[in-house]
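You will see chain A twice below: alongside chain B first, and alongside chain C after that.
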Partner chain A sequence: MTARPASARPGMRRRQLGRALTYVAATLLAAFVLAPIYLIAISALTPPEIALTQYPRPLVPTEISFDTIRFFLDAAGVVDAFWRSVYVGIITLVLALLIGAPAGYAIARYAFRGRETYRLLVLSTRAFPVVILAIPLAVTYIRLGINDSIIGVALMHTALALPFAILITSSVFISVPRELEEAAQTLGCHPIQAFLRVSLPLALPGLAAAAIFTWVISWNDVFAASILTLREPTLPARVLTSLTQSRITFQFAAGFIMLIPSIVVIFFIRRYLLGLWGRVVK
Partner chain B sequence: MRAGRLGWAPYALLLPSLAYLAIFFAAPMLGAFGLAFQDGDGSWSLASIQRMLNDFNFMRALTTTLLLVILVLPVQLVLAMGMALVINARLKGAGLWLYIFALPLGISELAAGIVWVSIFTQTGWLNSILQTLGIIDRPIIWQSGESQWLLILLVVIAESWRATSIIMIILVAGLQSIPPEYLEAAEVYGATTWQKVRRVILPMLRPTLQVALILRTILAFQVFATVVALAGTGTVVLAQEARRWAVVIDNDNVAAAYAGLILLLSIASTLVFLWLLPTREEERQ
Partner chain C sequence: MAEIRLEGVTKLFRQVRAVDEVTLTIAEGEFMVLLGPSGCGKTTLLRSIAGLEQLDAGRVLIGGQDVTYLPPRKRNIAMVFQSYAVFPHMTVFDNIAFGLRMHRTPRSDIQRQVQQAAELLHIENLLERYPSQTSGGQRQRIAVARALAMEPQVLLMDEPLSNLDALLRLEARAELKRLLNEIGSTTIYVTHDQVEAMSMGDRVAVMRAGKLVQVDEPLTIYQRPADRFVGGFIGNPPMNFLRVTVESRDGALVAVMPDAGEVPVDGADGLGDRTGSLLMGIRAEDIHVEGGSRSPGLRGQVLVIEPLGSHNLVTLRLGAAQVKATTRPDERLDVDQEVRLGIDASRIRWLDVEREVALADDTEIGPGAGLGEIGPSELASEKE
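The block that comes next holds the complex of A and B.
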């Protein structure tokens, strides 16, 4: 009788200790992820004259201003590059979803021969070096006269974003119960009608998340863009070519501005994160 | 019944994506090998590959890239495993932890490189913190380039920060597929946390680890903008050389040779991991 609680207690204490240690580990790992984001943010939001002269810098900024960011946006070609990146991203988003969503729907809804092969093919393109695509495409683009053009980069980015668009949309459509669509069909809807009236509205938030993610894939690319656009660069290509000549505050602002969409996008796709790679291994 | 009526439908839905991938993946890949095996005049030869092999930067770029891959992988694997186990422990606010750990997933190489520049630059955050704590009395120049190893270490830290989340996501999904009964059984028999990880989780996670390692290694061979941001021209990697030959020297043939080399290294590393970590089905054969 008395032995039992005595033996139960150390076990429970050990479990509580383990739990506490897990929280400590979680906090340390989260700090490792978040601290650099905080530091680039206050780097970019400190007035340039302070950022360039003050040392050691306090971890809580004494003054917040947008001067550093304004200075970055005023640099030659930066605003143009910014909008170019936005447009390239939008074209990529539209193309990747138009081409990818039907495929995502097919692998979510139909059992057909070759489905697994197709899924593996899509996944393997994700592991494909961008380097090997960009260089021959640059040669082809010059021949076609679409080098240094928004559409040229967007076509390349669509190739990069397409596998993601397919995988995210398929996990979106899996999350929409197919029974609803089948019910609509038994009530006399044509399959296409059933899709448009039932599945599509339910899938819309997920499709929007997929769209934002494909936009960011385009926004983030620097290697392909720096090879395909030389005179009219996208934002990352513009920043890359001036890294060595620019003031350090220019870099801070550039890094911060390029970072913002990346953080926002993860928030929108957080429900689909595991679907991105999750079903790689069965 | 429906399959009979619309048996062609899934193929019709896949067709546009297959066509696009053929034009923008398959064709450029063949094109790259074509370019690599031609000289500047467009006739077939090994001249471009020889030029790459004899180039002053070639060995340095190759060894630095391999070194980065070898150093970054274990660090990321341990970090990602830690994150995945934390997520799997289902702490309060599990969704929030996953969101935080996944944040770098959307961050570009270039932005990540610049983030760490703000930390490692001479009057940056690392020196500021060390100086405030009284550990150093004047700023250390981390990025001076005098030591290759130091530059490589900086890139390893930045890459570990940026690209751990992708492994974490794959591992979390793998962990969730382990039936909870297995862990409960281990617990009933009095297994410690470490024993559970070592004896249950790791063996069951082997196929997942295989995929995560293959993917991350392939991506690591393409490392580019983080290196440019942190090390400038202080060190060189293969992708950087590919870009230099394509853009600065304007020789697409040698650039394509570098691209082909990166692809070959990716394929070789995939085979190595398939051989090192056979999954059960492969073992049975």
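The block that comes next holds the complex of A and C.
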């Protein structure tokens, strides 16, 4: 220790300081995201009489109770709406990736006439506010007879999520070197086999990210779901209809229930993401 | 093992002729090097043979079979990529076994063939690792092992050593040469490194702007370049090119440089009875630098002396031209010293002044035009 030259110390101290600052920043960011989640969670889990009367609420729950949540789940149509939202999310995820991934792959791999225009066009669909589309959309849905249905909402959500799915997957496939596929072809693969055995496994982490994103877009969507459903709403649409007339505990419980699937999905896919990236990235 | 025939192979990228009517036959078991500066089309040609590029004209035959329209997987080739293209999500074993599995080789054979290939390249101890746990040199070996495990008829290599550092490259070069000698498969090897080309190839095909410029054994290319480009590209230092007038004097030929005197060139090859203005190509080691100013030869002045250990590289001024010559390391010369240059007439390569192309004498190929004749017949006669 004593033998260390004096000049090394300021540099090291600066590095330690930088590290400390990084941690502080990370903690603040995490708190920014986690604090509301935590507050909603404890509010939803404290007995309703405490949650309603005590103010400010205790930061550490003294008593856990599922009364609030049970109350919310017992409200008419909430459980059905919850499962409807899950199904819509899953269908959206599958459709968006089934359509988006090949499109992203094409943009990444092939130089074709109008590629840049296509890329821009894909994005520009999002510049078109859904509000303007609302009435024609509802009319079209009613005419087609897919209003108030899971598949109807899923189709709309797919349309909303597709631009992101395409752009994310294309950047994912760009990062997988083309030479790997070519090598697989020289080693006996049909181009499709080369894709399935080499590009797809390498792209999976990125595709998983696209999947999370798609699912979250669908799960969070209120507007399209509210327009397209009436008697069979998704969870956000169902919550929205009674939000203003309900007790604050109901709102806490709704917020909490809506958070859970997102957190589960993100945790599940994230572990998978890190597992793959940890191995693939040099 | 198979013979490869390329017939008028042409590949366009929009308007650019990346590969321009290349006709070439590579004999069974031959090690052919495609050499050229970057962008000359050598990699595109290799990819065309692999089936990774669709030809715009011409045919590719491997082992007598027309494979022009066959996809890579049906060509019985294996390729080593410049970036190695080792699959990062598979272990080294799975990488090497990949091709065998695709060809539905029985499991026991896979085990054996992977083991053999790994042993050839001394990477048996890496089989359980992932590529990210190996070094660049090891990855290069994995890529070669993966290609060799397929026991392909044709081995294609795209600058396999260019991503290694200098020392490792030297080692890998000798190793690869030994290995390929042992296996004896038909190999096409792309490189822009002329030393690699010279030291490894049975024959070297020099390319420029999509065309073959010269196809010959390395030494022939070095000593008898087909044109100024090849002479300048191959060898370090590049060949010297001096503009001279050849005159017949008392039955003997001399090359005259207006501002540097003259030098006898009797016995020079390929001159025939041509006299007049010509381009004289001469290698640095075929120029003899004489310190005394009374000996015959071209008058020169020493500009730079670079001692390189085994020899000295001397840059000299001859009138308006500059010439590089090598001298023995113990030769005493000073900067600015007046010297005389003798030239080994039998080593001179005569070029046409306008076209900068070797005088048509005994060259196997007429550069530019007449590429059609580089065929096996010629090869055969050369070897007999």
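Methods note: the second predicted complex is superposed on the first by the 224 of 282 C-alpha atoms of A that agree within 3 Å, B and C clash if a C-alpha of one lies under 4 Å from a C-alpha of the other, contacts with A are read in each partner's own complex, and residues count from 1 in each chain.
Here, a contact is a pair of C-beta atoms (placed from the backbone, for glycine too) under 8 Å apart; a residue touches a chain by one contact, two chains touch by 3 or more.
These numbers come from a predicted model, not from an experiment.
Engineer: Under the stated touch criterion, which partner chain does A:193 make contact with: chain B (first), chain C (second), both, or neither?
Structural biologist: After superposing on A, A:193 lies in contact with chain C but is clear of chain B.
Engineer: With both complexes superposed on chain A, which partner does A:146 reach: first (chain B), second (chain C), both or neither?
Structural biologist: In the superposition, A:146 contacts neither chain B nor chain C.
Engineer: On the A-aligned overlay, A:50 touches which partner chain: chain B = first, chain C = second, or both, or neither?
Structural biologist: neither
Engineer: A:94 contacts which: chain B (first), chain C (second), both, neither?
Structural biologist: neither
Engineer: Just chain B (first), just chain C (second), both, or neither: which does A:86 touch?
Structural biologist: A:86 contacts neither chain B nor chain C.
Engineer: Using the touch definition from the top, say if A:180 reaches chain B (first), chain C (second), both or neither.
Structural biologist: It touches chain C, and chain B stays clear.
Engineer: Kindly classify A:75 by the partners it touches after superposition: chain B alone (first), chain C alone (second), both, or neither?
Structural biologist: In the superposition, A:75 contacts neither chain B nor chain C.
Engineer: Hey, is it chain B or chain C that touches more of chain A?
Structural biologist: Counting residues of chain A touched by each partner, the higher count goes to B.
Engineer: Check whether A:201 is in contact with chain B, with chain C, with both or with neither, and answer first, second, both or neither.
Structural biologist: After superposing on A, A:201 lies in contact with chain C but is clear of chain B.
Engineer: Under the contact rule defined above, give the chain A residues that sit at the interface with chain B and also at the interface with chain C.
Structural biologist: In chain A, positions 191, 279-282 sit in both the chain B and chain C interfaces.
Engineer: Please give the residue numbers of chain A that touch chain C in the complex, ascending.
Structural biologist: Contact set of chain A toward chain C: 177, 179-180, 182-191, 193, 198, 201-202, 279-282.
Engineer: Mind pulling up the chain B residues that touch chain A in the complex?
Structural biologist: Residues 2-3, 6-7, 9-11, 13-14, 16-18, 20-21, 24-25, 27-29, 31-32, 34-35, 79, 82-83, 85-86, 89, 91, 95, 97-111, 113-119, 121, 123-125, 127-129, 131-132, 139, 161, 165-166, 169-170, 172-174, 176-177, 193, 207-208, 210-211, 214-215, 218-219, 221-222, 224-225, 228-229, 232-233, 238-239, 242-243, 246-247, 252, 255-256, 258-260, 262-263, 266, 270 of chain B touch chain A in their complex.
Engineer: For the complex, which residues does chain C have touching chain A?
Structural biologist: Those residues of chain C that touch chain A are 50-52, 71-73, 77-79, 81, 83, 85, 87-89, 98-99, 102-103, 130, 132, 146, 150, 156.
Engineer: Which stretch or stretches of chain A touch chain B in the complex?
Structural biologist: Those residues of chain A that touch chain B are 18-19, 22-23, 25-26, 29-30, 32-34, 36-37, 39-40, 43, 52, 54-59, 98-100, 102-103, 105-107, 109-112, 115, 118, 121-122, 125-140, 155-156, 158-159, 162, 166, 191, 213, 216, 219-223, 226-227, 230, 236, 239-240, 243-244, 248, 251-252, 254-255, 258-259, 261-263, 265-267, 270, 273-274, 276-282.
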